[in-house]
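Next come the structures, one after another.
Heads up, the next two complexes both have subunit A, just with different partners, subunit B and then subunit C.
Coming up: the complex of A and B.
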């Protein structure tokens, strides 16, 4: 009996140690987040949580994926792009067109979308080699405008009426349409989100991420150290476009509708705001930023009467936030936590020192 | 299309170019003094257009029905331009100058934040007015028709008016750049801010004034453009993008290059408008994509010559 107890205690300790080691792994919080999000939806589908409280999550997650790609571009490679919304729109229209009009299987359409994203990424990457700095933001703005002009005028995209998948869409055995209260595509989105977070985290902590950072700090110095600017700029743009186009396709699968007006400059600026507000070098910061910019409006601001009457006022909110963060707190909201932790540590140190002084008298 | 039709179209293209040239000049002015691209230029102009519309239609006409509409319109115009000036100065002196860390990217970010802020603010302030927003009144509403043979050259007085105003204002700005103290300050700040400061140029004042003047120029462009459009938040988005592209096309390093670029874009779009319906794929022609072609051509030109058509290459020490 005693032996058994000892053994269980031993294995419990062993488990505790093991758990500690796992918990330190950088992927652990990502998996916890994914588990939590899936749990939320499972509970929701039993009817315990109202659907209106959960429906805002998947658009936020889709935009979070875009913001992750953009973070790599802005925070690591130091390139600002304003074509994000256009790329997202391209993805959403592409999968809609291939699935509905051409009658392709949705999985094949998804793969074609990814291939298009890669081609587009290489194209924009080469532009970024030619046009530098401030000009790049303008050129990508022009690219976004080309794409939006195409969406508004082309008969292929349904012009200003937008595109709608009338019979829903089926991908990997999951069926999605607008009439569903709980859309099972949510699980697909969560899984893809986890994969992309892991991927981005790996890139950031690899030589690729460090090379990108060095290019951001000084192009000439990086070149002198033998870092190929072409390679890393291309890969940064490839990632960013890939994420944007994939997210656009997911958006189409999730909502089964797409309108040209939703792919305007304000979406690109909002993605930028999400990355800047959260913190340009941290995936958790980007998550917080995305939630502030895209999620807060649905879950908090929609309860405040002022924002109910003026449905554009939430843009004002993110505008002010982006200005304040850029002006006074370039690290972003995520730095707030570490700074607060530092302050708390300092204060507790001081308190314990003064308590010791009071208890044992002054050190001589 | 015959010759007379072409002339009519050209006049329309130049009428489009007038506000575009003003916006482009504003963008270049800010670029030369602050070394940043002002993404808020379009929204500043839109604010001015909102101001003029609401101030004239909802206040002045109702409060002072006895005055002649011409005077009231002048008052509304000037108020809009003052609003543009004030927003420009505000962004420079309060937001950019007071920010703790300031480099090219943060300045750009601040202007992008201002865009979002104004985008939310305008419909909120002018909420009731937005429901059925009338357009800005025109000074001149008649058409001038000149008979040539059996056809007519038709010119709207309003278009001629905006071309005239834009030409006069741009000329004044160019003369001011050449001969006034402010112009000297702008040119010296543009060439080297630090040295200009050492030589006794009050660079902060020059920059703030340039932002204000750029805001006012952009507002004038926005108001002129809004006489032919309905006022919405997205009024100037396309104009803004075109302004940037015109500035790059002409080259940011000179003042006249961007103006040429601004005139080129509507003319190019006219040419594309005439040519693109002739290209046929299957049953449908490519006429609907004529703007897409213009942008693609501009992008190709920029890729071939990134410093712009009239740009000068500036050697930089590392």
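Coming up: the complex of A and C.
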């Protein structure tokens, strides 16, 4: 009978092999993640999941996009920029101004925002990428502060009252932000997030990513191998600005409001923290880090009484995490998972070996 | 770059032509690859189809067997499994018995218990075997039915075979159609490419014959046989003159050694050649693969490699966060024709390019006996291996001139010997000039054809190893004067 069973299982095995081949593809988990996120919203819209829980997800995903760009900048090109929040704010005000005050169609405003990000990235990059390390951080910090002060004082951005889109905004006729509960913009965010993840993964596994890493490791070796340092630093910086501006625009489209105080240095530092905590060279690590820094407060910590009484205690939490990660896990939290897996494998091997020895005697 | 405009254009054109030739070659080789892939896919599909039929056939096949033959076929594997289980069960019983009664006297006393438990286990297995037998023996099939079964099985078999053969023919037809399509596509592509190639070739001829595009530097500035000329080079840091009015020539195809005591300015000379330092005085001329003479002072650091000059470093400068194979691909960075845009979409052309360069890297690694370290990270590998990997990385771009900065620093004697062998092998196999700085006199005297000795940035002597050994100035510089 065994032979017969083996034969009938053939087609099932065939399917399993096929599935394994697909699952090995690096895009597979990304697509699974996107499918899961969309499913969550679809289930939520039937009323099974509370809207308060779902509304916390999209800000986290928006910040995840920013963190992805920042990961390329920090983990691969080896540069640290603190102007991220300024660029995000710029994106959100830009689309608001173009759509509401100038009366442009929203899609055109979105495209103009992306073009501005590219131009601005090139300009700022050419000026500021001549300095390295800490000095670049200082230059971009100054830039972020300039942008924030501009938002606070300029009449174009509504000064300290912030900007509000009174009629909401609609992109491509489907993704409108008029209804606040179960916002359809969520789907747009998920789609753009998946696209950016795929893009970043492609860049990482290409000569461009390798060139960035070699510049980070040794500038002289990179130059001797024919890698133009300015070109690759600039392209990393450009991608980071592009992601930040796009995320800012998405934030505006989703919430329809923008206040200057939310684009301060603390947001830039939080993005940096998310990347460092998660792991500077792994997109899944960055996802975990973003969730820890931005999502944990609203989804988990707000249910614990200690954090309810002390409102800002979550900052302490992420601060402690940064210290722990930098000191003990330079690879980030994502390395913790792989290390845990290794430990579990080793322990289970030892246990099974000792059990065999106990049961069957020493001569095996 | 503007000053060397015509020469640069020539190099670019040459590159274009070689890449076109390369693409034509690829198009030719792609036919066999496509055929292989498609036939593999077809075979997989046919096998799948066959297996679907086999499931039905097997059941009717077992209906035609007599009881005794079916028992033979079915019980073989099951019996083996049962016997194996019995072996382990017996061992477990014995160890638990020994754990309980440790001394020999106790064991002898309770020997009966052990025997009983063993017997029980054997009995259980026997019962299972008998149950299996009974299951197959209880089948009642009359002779008439058996004949009917056999008939139906044969009919089914014939039908299945016919269906399979029809399916196979269908698949083969589809494959032929696909292959003719691909061949047509590739031929049109090849025609396009060869048209482009003829245009470029005509352009190249025009350039070569054009009197306006004559070289900026006349031929008599440099010997015909030499590849590199350093002309009155001076480099200073503040008030210190690291290199002082140094000039020499390196012949094509030789191993040239630069020696001198510590602080003599050898590495500074290298950094001036590869443009990490811009020398204030003095010229560095270089003859490239198109036989043009270039002034290297005009080039940016990252463009020097495109003319065929690669260097290594005194301290190993590998990329620590990349595997050895990826390090080799970083070495081939100047060869990539794909751009940021194609990298973002991982286009088919880019993947093909990457695969070809990977194959090249693997070939070089296996030539130098390093293929075992392919997927390792450089962290933790022995120093001698790292030096060899850095040497292998320079070969990725098919260089004309390899500049080695203290290749034997930090190596033990046996590693130095193997390094000398590999340097000689590289010079022979890859047909390139090697220019090295070294402190290890044994290595230098062993492999170098010409040696230049310098001290405090000034030239002491130049000549064959024997001449240098007997030179008094050199002896003074190394051992001190009287």
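Keep in mind that, in the parts below, the second predicted complex is superposed on the first by the 338 of 364 C-alpha atoms of A that agree within 3 Å, B and C clash if a C-alpha of one lies under 4 Å from a C-alpha of the other, contacts with A are read in each partner's own complex, and residues count from 1 in each chain.
Assume a contact is a pair of C-beta atoms (placed from the backbone, for glycine too) under 8 Å apart; a residue touches a chain by one contact, two chains touch by 3 or more.
Nothing here was measured: the structure is a model prediction, and the numbers come from that model.
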Most subunit A residues touched (candidates subunit B, subunit C): B
Touching partner for A:317 - first (subunit B), second (subunit C), both, neither: first
Touching partner for A:199 - first (subunit B), second (subunit C), both, neither: second
Partner chain(s) touched by A:235 [first = subunit B, second = subunit C, both, neither]: second
Which superposed partner A:210 touches (first subunit B, second subunit C, both, neither): second
Partner chain(s) touched by A:111 [first = subunit B, second = subunit C, both, neither]: neither
Subunit B versus subunit C as contact partner of A:220, first or second or both or neither: both
Partner chain in contact with A:353 - subunit B first, subunit C second, else both or neither: neither
Residues of subunit A at both interfaces, subunit B in one complex, subunit C in the other: 220
Contact set on subunit A toward subunit C in their complex: 1-4, 7-8, 10-11, 14, 199, 202-203, 205-208, 210-211, 213-214, 216-218, 220-229, 235, 281, 358-361
Subunit B contact footprint on subunit A (complex, rising order): 78, 80, 127, 130-135, 137-139, 141-143, 145-146, 149-150, 153-155, 220, 264-266, 269-270, 272-273, 276, 309-310, 312-323, 326-328, 330
Touching residues (chain side subunit B, partner subunit A) in the complex: 36-37, 39, 95, 98-101, 104-106, 108-110, 112-121, 123-124, 127, 233-234, 237-238, 241, 244-245, 247-248, 284, 288-289, 291-292, 295-296, 298-299, 302-303, 306, 318
Residues of subunit C defined as touching subunit A within the complex: 48, 51-52, 54-55, 58-59, 62, 73-74, 77-78, 88, 91-92, 94-96, 98, 274, 276, 300-306, 310-311, 313, 317-322, 326, 329-331, 333-334, 336, 338, 340, 343-346, 350, 354, 393, 397
